[in-house]
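Letters are used for the chains, namely A, B, C, D and E, taken in the order the chains are written, and counting of residues starts over at 1 for each.
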Amino acid sequence: MIKYFLICFVLAGLLVVAAALVRGVRTDLPPWEIFPDMDRQFKVRFQQPSSFFADGVAARLPVAGTVPMGYEIPGKPAARGGIAPGAFTHAADYYNTGRFGEFFGDGMPGEIAVGQELLARGRARFDINCAPCHGTAGNGMGAVSKYWATPITSLHDPRILDRAQTPDGALFFTITHGKGLMGPYGGNITVRDRWAIVAYVRSLQMSQSAGGVAQAE
Amino acid sequence: MPNGTTTADEAMKGPQGVAREPLVLNNRSMNWITERICGVVENRQPLLWWVLFLPSLALAGLLAFCLVYLVSTGVGVWGNNQPVAWGWAITNFVFWIGIGHAGTLISAILFLMRQRWRTSINRAAEAMTLFAVMCAGIFPVFHVGRFWMAWFLAPIPNANAIWQNFKSPLLWDVFAVSTYFIVSVIFWYLGLVPDLATIRDRCKPGIKKLLYGMFALGWRGGNRHWRHYEMGYLLLAALSTPLVLSVHSVVSFDFATSVVPGWHTTIFPPYFVAGAIFGGFAMVLTLMIPARAIYGLQDLITHKHVDNMAKIILLTGSIVGYAYIMELFIAWYGGNKFESDAFHMRILSGPYTTYYYCMFFCNVISPQIFWFRWARHNLWVVMAVCMCVNAGMWFERFVIIVTTLARDFVPGAWGFYKATWVEKSTFLGTFGFFLMCFLLFLRFLPVIAVGEVKGVLPESNPHHGDDEH
Amino acid sequence: MNGTATATAKPPFGYLAEFESVRAVYKAAEKVRDAGFKHWDVHSPFPIHGMDEAMGLGRSVLSWLVFFGGATGALTAFILQGFTQIALYPTIVQGKPANLNTIPAFFPVIFELTILFSAFTVLFGIMGLNQLPRLNHPLFSSKNFCRFSDDGFFIVIEGRDSKFSKEKTKAFLEEIGAKEVELVEDDA
Amino acid sequence: MGNFFPRWSNLLPLKLAFCLVVLGLAVACAMAYYFTPKYTRVGYMPSQPVAFDHSIHVTQLGLDCRYCHSFVEESPHSNVPTTQTCYNCHSVVQKDNPKLAPVHESMETGEPIHWVQIHQPPDYVFFNHSVHIARGVSCQRCHGQVDEMETVYHAEPHSMGWCLNCHRAPEKHLRPQREVFNLTWKPEDEDRETFYRETADLAGLSYEELLGASREKFGFEEMDEPMSQREVGGVLKEAWGVSPPEGCAGCHR
Amino acid sequence: MSAHKSVKDLPEDGEKFDIKKVSKLLGMLFSVGILTTIACAVIFLNQEWRATMAYSWLFAFIFFFTLALGGLFWTLLHNATNSGWGVAVRRLMENLGLMLPWLFVFALPFVVIPDVRGALWEWMGERREMISEAEDYAASHLETETAEWEEKVREARARFSEVRSGIESGMAKATPGEKAFLQEKLDAETAAFDALKSEDAAPTVESIKAHHMKESNVLLYNKGGFLNMGFWFFRFIAYFVILTLLIRFLRGLSVRQDADGDEKRTMLARRMSCGFLPLFAVVTTFAVIDWLMCLDYTWFSTMWGVYLFAGSALSSMAVLVLVLTYLRNLGYLRDVVTEEHYHIMGKLMHAFVIFWAYISFSQYFLIWYANITEETRFFLMRNTGHWNTVSILLVVCHFFIPFLALLQKRVKTTPRLLCAVSLWMIAMHIIDMYWIVIPERGPSLGAGVVVPGAIFFDVLAFTAVGALLAYIFLRSLGKDSLYPCRDPRLEESINLMN
């Protein structure tokens, strides 16, 4: 009897292993939740659809014309990565748009304290978001440029160097909304970071034109 | 040694002088004992059995329904809420666990004390223990809400890399109650083996013989076997005795380790144990008095048994009374305002004072009638007191749990608890389940330990009759 | 039924002798012991007080087994709790430290597991020492024998005993007061 | 009258017991092996609506994680990029690749691409990406070598025990903050002097003191000896005062 | 297997202990006892040493008191449970219990020397101070307080008349609903004012006293119903009266049965013992509450009575074993008591070792676990300094070692081994009692954890009480038969089989 049992046992074991496979096998099957209690709750989750709303979108925009209550989070000022007040409501000030009414402004807005820290931040953000196309040197020779249909704009182009033609506000606006074949980055980069990039781009330009000496302002 | 000719009528009058009463009346032979006890299993069940069985089956069904309803709807169908999160559920748990103490106690402690009158009642009492513990287990398991996660209570290494809190009385409860259940099953089964062999040997070949034979393990009654068996049984008794004490002590730790006024008292462990024995013995009598009448077991379960058990009820009832008084005295003497207020609200001003008076009457006053022999010998009185005690012990747990939780330190957090119909039906259902199990036990297993009763007959002494030569 | 010689070479299982009462079987057992038999046993519906001495058997070793079983349980519980509460998952709850000073809180479980392991040792110890379950046994083929669980008292002297002899043993059993002596075959 | 039970029934209980023990052991082993996220989750590799290849974008093109997962440093949630982010390049690059059809479609309709979420903690777990990144826990520690994955799969079990392993011994996993997004970082590559200077700055300690204390603790002699994870993590843990919560309320609230 | 024994084989009038056989020992005990008692008396007379000695004396007294109490308990239990096995040794239990009346003599220092009880039970002194202070306070403050009260009444009167006129004016233009509300308010104000101005509210000496006592020591004030000298003296006497009556009654029945062999006496003893048990429980509990728990009146434990009872039953069983063996060595009780008796006594000791451990663990554990300030101080004190060693010693030596020893049947059935365990148990009980009483001494007398040199007093007191009691006990053994020779259960007992 034991012999038969052992034979059956080994066969059954093999069957189980064959059916269930070993750990870590790549599979399309969603993870098996053995005790699924409360694992998936009926609540709004990041970037997930929700059947609760008619349009199926869980992430809601504020109702038009309203200001979210308590939007300014105490202890977490805009400068530290929070979203600046007004950004939600599409404030039309220079800080948020780079424009004074119809015109692009130049220079950093008052909300930004220009300094080493800002430039470092700008450099980091530039390398993440801009360098793939424009290259770390800003010469338009980023990794993507090999696949790009037309030459990518060099940031050392006189057109951009010229503050009259391309004031800081215009740079900011371009980052936010894109230009030509360049897509808008307003959704990926916070307002402050965009200004930081603008500041960094300016110093980058300066370093190229002034013989490699990067200066603040 | 007295002669064995005492009849039931004589026994009714009680012992004359200091002579020892025989444990088996009417000078019954071994064969008579076998026939009578096995007859319960082998013969058709009396009508009364069915009359009792069907309603208990129905009540057990009610229990099943309530539990399904509870799980499918949520624990909210019970009346538990803050501040009384331990309402009837835990009251019933402690109640049933308490009931479950008598069986092993009768078996173990009385065995250790060489109280040979235990032989007639231990089997049924042990069976009762098991069923009561099962009933008890239902409540905490369902009280946690998601009972299928109960395995979290077992120290199994798991992917969460966390372990049970072994400093928690609730976890000790898990260990204590499950150990108690397992050991009680072993104790019960071990005692059953020779009796199963008896039934096996009386069966005609067939499915019954197969089943009884399997569980009798091929018992042959050889003295070389009895030698280990007796030693094992003695050891189990010796192990079970402290176990019984520990289980209800641990249950009492659930309350007493806290700092809650009315719960934190050092006398809780022995007081709970005494209460459990008290309630358990009452339940044994509640079951055995009708059973002995139905199956004609008066010669085996004699008035002496009833009398002794009534005395134990009196004793433990008085111990419980002592604990009540000590609690009150220390609550006053200790000078802790919260503690004395807790008792003030139990007795004088709270919403549950009636419960306290019911408890006190049922547990302390009513058994005092057992000081009188006529009361111990009148089965109706005994039954009435036992019913009182059964109820009283439930009231005691209710008083401890609910009155305390409903009124704690902060008056702003006071609340009132009322059981819902689901809780009430569940509790009722456990009675049905309990009774059903017990009736099935009567139907299929020897209700009295056949071999052991034979062992207490005078002629079972190998020196019986020596002095006459 | 009664002891007819068979053609097989197999020795008989032994003699089954029935006695009248507890007293008779007790006295007989003392005599069998004194006669120097080794493989024999007394079968009775209940344990007979003092029979161990009458048969010349010592104390059961079970108590020692159980002692060690219990000690294992205590150790298991201690290691389980110490390891999980102090090494693996040291959390401070109820203001109790996560070190050995909190040992009083471990006592309840140490106690319970001691009992649990001891109880299992008892159960399996009895089964092991008695070699149970054994559902089939030559004795069960005797019609008389089934009364051992009712009111029969038997002495069995087994065929494998060196002192066993078909004739002498039967005579011996009758001499010491057996009511009835039956030869039980080893039927397989 | 013979025995009711046949002779073979004598050994049956032993055999049955043996079988049960073997069976029980096997079931226990199987459960230990299968009933854990190491089996149930690891290896989950759903096919995505767009066959996005991380190895091309990260290793070949050198995109930073944050190009797409833009707010991972600031938000509890590491965002999946919007279609616009894809479109920033793919409006031009590989425009006509049929694999990218869903992107174009999404761009036209405004309906987001339904990426399949791979790493999905239970809803009662509140995991915060930003705090982990801010204290030097690399993406790679939890998500595996994503830079080498053609199709992303669940590389680590993400069980609670696995979380706690790190929470109980964070020094085994920490790295300098600047290397968090460098998925190929190794402690051996770390320059000791730079590391200590930076760490001292971060912690507001003096460089010499920090170095001296570490030299004693980790027993290196020369500055150019390769660093070990023990040293890197240990120093960072001390310097930053990293003490991850081990209580329930740390992650379940 | 021994053959069945019959009572007829035993001497008809039992065995009498011939104290001449041990006259040497008796003489020694007596002289040692008297000498040490005199020494103790001298110490008691010394004002400086009196307080220190009080604790030593209490320790010695309580140790022997628990032994005698245990003797009474076993007698009661034996009778109440209708037990057969112990008839052979019951007379020893009775004799042990008979020491209770004598112990009253040894308890006299507590009654007659106010300083002694004052040193032990601080509540007495504190209470006296509290009362006299409150009296002084009341006497000196009666006038000012009365003035204050009158002032208060005046203010209240002014306020009340204002409120009343306001309400009455409001009443004029109120709707019926508002009227009812205003009326209610007015009634309440009137009642409050009447209560304030009534004569009962006027401060008296008594009320000021009570209030002041409550302010100065609320605990002691609240406990006044129990902790006051009159009641204390009453209880003190009552304990001994009750215990003496109990034991003398039971022993009297037993001794008289020796003469006439009347079975009814057994029945009467049994019935009365059942009734006596609750009485015994109450007396034991409150005696140890009074004498030991009240060493610190702020501390309390509901388990206290049970704890002392457990130790008492255990150690008196050990004493019984020792006395029994001693008598058997002298040639008595040889036919009456067998190894089976030893076995049972061993088992009872074992049971009480476990019971003691259970009770003391529960008590310690619950207090340790809940960690409530007013409860922990008992154990904090006993875990300080070297007392901690004693506490751990108790755990190991009062439980684990005897538990393991008594697990073996051989130990329980071999008189020599069982005596060793008994001696051990008694030593442990001494330490247990010492551990209860003595740690209170240092802090109470303001002398730190331990009073240096006081251990000599402890030994002296222990010797004095012990030697004299042993002397009395041995002499009392000689008065009657060593076993109840005509008890109807005697035959059952001597044929005891486990």
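To be clear about the criterion, contacts are C-beta pairs under 8 Å (C-beta built on N, C-alpha and C of every residue); 3 or more make two chains touch, one makes a residue touch a chain.
These numbers were taken from a predicted model, which means no experiment stands behind them.
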Number of hops, chain A to chain B, where each hop joins two touching chains: 1
Starting at chain C, fewest touch steps before arriving at chain D: 1
Chains touching both chain D and chain E, listed by label: B, C
Chain ID, smallest distance between chain and overall C-alpha centroids: B
Of A-D and B-D, pair with higher C-beta contact tally: A-D
Whole-Å separation of chain centres (CA-atom averages), chain C against chain E: 48
Computed distance of Cα centres, chain E from chain A, in Å: 80
Whole-Å separation of chain centres (CA-atom averages), chain B against chain E: 34
For chain B paired with chain C, centre-to-centre distance based on mean C-alpha positions, whole Å: 30
Per-residue overlap in chain E, given as positions that touch at least 2 other chains: 1, 365, 369, 371
Per-residue overlap in chain D, given as positions that touch at least 2 other chains: 4-5, 10, 12, 37-38
Where chain B touches two or more other chains, by residue: 161-162, 213, 218, 242, 253, 257, 463, 466
Contacting chain pairs - touch in the sense defined above: A-B, A-D, B-C, B-D, B-E, C-D, C-E
Residues on chain A engaged by chain D in the complex (per definition of touch): 1-2, 5-6, 9, 13, 16, 20, 23-34, 38-41, 43, 45-49, 81, 127-129, 132-133, 143-144, 147-149, 178, 181-185, 187-190
Touch list for chain C against partner chain B, complex: 21-23, 26-27, 29, 41-52, 54-55, 57, 59-60, 62-63, 66, 70, 80-81, 84-85, 88-89, 91, 93-94, 96, 102, 105-106, 108-109, 111-113, 115-116, 118-120, 122-123, 125-127, 129-130, 132-137, 139-140, 146-151, 156
Residues on chain B engaged by chain E in the complex (per definition of touch): 17-18, 20, 112, 114, 242, 245, 249, 253, 256-259, 264-270, 318, 322-323, 326-327, 330, 332-336, 371, 463, 466-467
Footprint of chain A on chain D - complex, ascending: 12, 15, 18-19, 22-23, 26, 30, 33-35, 37-47, 61-64, 66-67, 70, 73-74, 76-77, 79-82, 84-85, 87-89, 91-94, 114, 117, 120, 122-124, 153-154
Residues of chain C touching chain D in the complex: 91, 133-138, 140-141, 143, 187-188
